[in-house]
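Once you scroll down, you'll see the structures, which are given as structure tokens.
Each of the next two complexes has chain A plus one more chain, namely chain B in the first and chain C in the second.
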Partner chain A sequence: MKRYELIVIGAGPAGLSAAIEAAKVGMEVIVFDENARPGGQLFKQIHKFFGSKEHRAKVRGFKIGEDLLKEAEEAGVTVQLNATVVGLYPEKEVNVRIGDEIKHIKGDSVIIATGASEAVVNFPGWTLPGVIGAGAAQTMMNLHHIQPGKKVLMLGSGNVGLVVSYQLLQAGCEVAALVDAAPKIGGYGVHAAKVSRCGVPFYLSHTIKEVEGTDCVTGVTIAEVDSSFQFIPGTEKHFDVDTVCLAVGLNPMSQLAEMAQCQMEDNPKKAGFVPVADEYGRTSVDGIYVAGDVSGIEEASSAMIEGRIAGISVARDFEYVSEEEFKEKVEGFEAALGSLRQGMFAPENRGKNIEKTEEGIAVSKNLLKKGYLEEEVFTFPGVKKIKGLHPVIECTQNIPCNPCQDACPKGCIKIGEKITSLPDVDENSQCVGCGMCVASCSGQAIFLVNEDTGDGMGTVTLPYEFLPLPKVGDKGTALSRKGEKICEAEVVDIRTSPAYDHTSLLTMRVPSEFVMNARFYTG
Partner chain B sequence: MEKLQDRFADIGEFIPQQDDDVIVCRCEEITKGEIRKAVHEGIFTIGEMRRYLRNGMGLCQGQTCGKMVKGIMARELGIRPMDLTPATARAPMRPMEMKILANDRSGD
Partner chain C sequence: MRIEEHPILGKTEERKKVTFTYDGKEIEGYEGEPIAAALKAAGVMVHRHTRKGSPRGIFCAIGRCTDCVMVVDGKPNIRTCVTPLSEGMTVQTQHGCK
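And then the complex of A and B:
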């Protein structure tokens, strides 16, 4: 029986990170993954990640995946693909199917980093072709470059539902509606806002009643639900769609941990049935560790740090690093993880109703219920009326993200020490219009605005991630935060730059009175 | 370990519901009504339900429907979903052809 010092199950963000840390200090590591490609879900993520500058914020997910693979290769990690782990036992024996054989391999230690699978809900018609998971839609669009459908209804307003809705729009699909049974939007407000301004309506406290079709989806009926999630008669709404996308959460794939007799718990804060683990990822079974979504659903950024902690913990437990080295490393990782777990969307705040921001400003109810800000946008520190060109930052929830602060060469934007604080625009600083803040915002919530260019007109510069790009001189329509056509707009500048990382900056000229409302352009 | 279920608990009569014919486990084509009925026939644990109806025994091994089955059973029994022990995890974790199982250890 072949023996390894460390076997990692799953080559996603957590597994690869764990393998890298252990291999870097000299452990012999093998990673098994059942897929044909490594990276887990990272290569489907074409959006810029949130977080701090030190931890890859504003870098797109697939780029983080590429860098992780390179780091793994340099560290000497072996990744065996198309290798399905079908059994795991407390003695750390691993059964892995490779090709037409099952191999028995023994590990001195095992890190389970199997991630999660998509949850579903059922309703009449849910087995029709055309009802797909949001992850499947991402795979089709971002890996295989095909549209999942022409007209899509999205169920689920968590970050996955919001991000994938936006990607569907980018892929040229029409998104008919974004629906959630919950009374408020589950994901980041900035993600909702960028979908809203493209004209996608949100239906909160609504869910799918029925999907119609004989051979495939031809339509869907949604209806409002009351506080106990029962349909309210007479509230039905129908949409002609060919695709229904489900983004209703993730289930940890924790069966291997259970098979290995790790102590398990059903923990709503971790979004499912997960192995009990300490802060270093150690389960109740000696030598078996967990990292990433399998131990509780979070973002990929957190999974990568959890992976590094588990990797270095294994190395410490097998005396590949001294206690001092371990402490030094793990303190850095824990600080980073701690900062990612702050703010309104922290795991400890799941299910809580937060009324005020850390700054004491009332949280926008419109944003939570309709997906866009209205007049209350002016109550936030990033939105100020200033003479001349200046950034307008429509960032209104405490989320752990701060790249905009360092993006401004003139120091116009301040977040401060606390990564979750809302960005504040300094009235006295001189904006030079470089646009670095606009491109740096993963939530696409920063605009450069000049309310009055002298002739009753003004300009709005907005982040634009659609192709083909409009051309300078094009005349079209400005859309409001809600996605409603509000006035004519002329494209006066289009900027692209490697520093913007595929976010283009579109500047449109609109009448002054519309400058603080015009937030998107359509040809 | 299975949590102890009260076999004598009064869960009332089986009352047909409008969506009883909606499929829950699509691999084995088991409906919501079949699962609810089985509870009234005395199937109180997830392990028993899998043996009785074969839900969660198909291609995806319950990865898709597991949570839904749990929810339906819990509602029928009048308990919290987390009070139902999930199905026992066993090798092989993924369905596979018998010939591969037969190849066991041939590479050693």
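And then the complex of A and C:
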């Protein structure tokens, strides 16, 4: 029987990171992955990630994936693709199916990094072709360059539902509505706001009643639900769509841990049935570790750090690194992970109703219920009326993210030591209009505004990630945060730069009275 | 339905065109892309019918749910979302379990 020092199951962000750390200190590592390509779901993530520099914030997911693969190669990690682990036993014996064969191998240690699978909900018509998972939509458009549909209804307002809705718009699809049975939006407000301003309506406290069609989806009916999630008669709304996309959560794919007799728990804070593990990823079975979504649903940035912690922990347990080296490394990783787990959306806050920001400002209920900010936008420290050109930062929830602070060469933007603090715009600093803050904001929540250019007009510079790119001189319409047409707008500048990483900066001229409401442009 | 140019991903790389048959009809797709992607681009939604005759198509697109299985080169239960397309493949709608 072939024997390895470390077998990693899953070549996603957690598994690859774990393998890299263990291989770097000399362990013999093999990674098995059932897919034809490594990277897990990272290569479908075309948005800029949140966090700080150490988390590779403002870098797009697929680029992080490319770098991770390169690092794995340099560390000498072997990744066996098209290899499905179908059995795992407490003695660290592994059954892996490669082609039509099942191989039986043994590890001194095993790291389970199998990730998560998408949850589904049932409703009449849910099996019809055209009802797809949000992950399927991402796979089709971002990997295979195929539109998942012409007109799509999204169910689920968590970050997956919000991000995928935006990506559908980027792929040229129409998003008819974003629907969630919950009374408030589950994901980041900034993700909701960028979908809203494109004109996508949100229906909270609504869910799907029925999907229509004989051979495939031809329409969908949603209806409002009461506080016990029962349909309220007479609230039905119909949409002619060809695709219904489900983004109703993720479940840890923990079957292998259970099979290996790891102690399991149903933990709502970890979003499902997960193996019990300590801070280093060690399960109750000696030599079996877990990392990433399989041990509790979070996101790719924390999965990568968890992977590195599990990898270095295995190396420590097998005496490849000294206790001192281990401590030094793991402390750095834990600090990075700790900062990602702060703020309103921290795992410990799951299910909690947060009324105020860390600064004591009332959380915008409009943002949570409708997907966009209204007048309350002026209560946040990033939104100020200042003479001349200045950034307006519509970042109103405490999320772990701070690239805007480093982006400004003039020091106009302050977040401070605490990564979750709301960005504050300094009224006295001189904005030179470089636009680096606009392009660096992963939430696309920063605009450069000049409220009065002297002639009753003003300018708004906004992040623009769509095709075709408007041209200078184009005349179109400015849209509000809600996505409603509010006034005529002329494109006066379009800037693209490698430093902006595929985010173009569109500057439009609008009457002064609309400057603080105009947040998107349509031709 | 194919995305020729994407604001973030740029222009879709040129790939080798191949011809395959879907229920006897000749269709073009790109070599190496999943069979399901080529069918989707051609507007095919139904991949199989269950024993009771209910239609199924792409659902997860990552080889997990098995909704998209078809008969490929005479072999049933092939997950078309993770099986690469090649020249001359015979792809057929699957009826019931095989």
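The rule is simple: the second predicted complex is superposed on the first by the 523 of 523 C-alpha atoms of A that agree within 3 Å, B and C clash if a C-alpha of one lies under 4 Å from a C-alpha of the other, contacts with A are read in each partner's own complex, and residues count from 1 in each chain.
Going forward, a residue touches a chain if its C-beta (ideal position, glycine included) is under 8 Å from a C-beta of that chain, and two chains touch if they have at least 3 such contacts.
Being a predicted model, the structure only gives us computed values, none of them experimental.
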item	value
Simultaneous placement of chain C and chain B on chain A, clash or fit	fit
Which of chain B and chain C A:251 touches, first, second, both or neither	first
Touching partner for A:117 - first (chain B), second (chain C), both, neither	both
Which of chain B and chain C A:34 touches, first, second, both or neither	both
Touched partner set for A:97, first chain B, second chain C, both or neither	first
For chain A as apex, the angle formed with chain B and chain C - C-alpha centres, to the nearest 10 degrees	60
Which of chain B and chain C A:127 touches, first, second, both or neither	both
Partner chain(s) touched by A:139 [first = chain B, second = chain C, both, neither]	second
Which superposed partner A:381 touches (first chain B, second chain C, both, neither)	neither
First (chain B), second (chain C), both or neither touched by A:107	neither
Minimum C-alpha separation between chain B and chain C after superposing on chain A, in Å	5
Those residues of chain A which chain B touches in one complex and chain C touches in the other	34, 117, 127
Complex contact set, residues of chain A against chain C	34-36, 46, 60, 117-118, 127-133, 135-136, 139-142, 144-148, 150, 170-172, 214-216, 465-467, 469, 502
Residues of chain C defined as touching chain A within the complex	1-9, 12, 33-34, 37, 40-41, 45-47, 54-64, 67, 81-82, 84
Residues of chain B defined as touching chain A within the complex	19, 22-24, 26, 32, 61, 63-68, 81-82, 86, 88-94, 96, 99-101, 103-108
Footprint of chain B on chain A - complex, ascending	1, 34, 84-88, 95, 97, 100-104, 117, 119-124, 126-127, 251, 253, 255-256, 258-259, 266, 268, 272-273
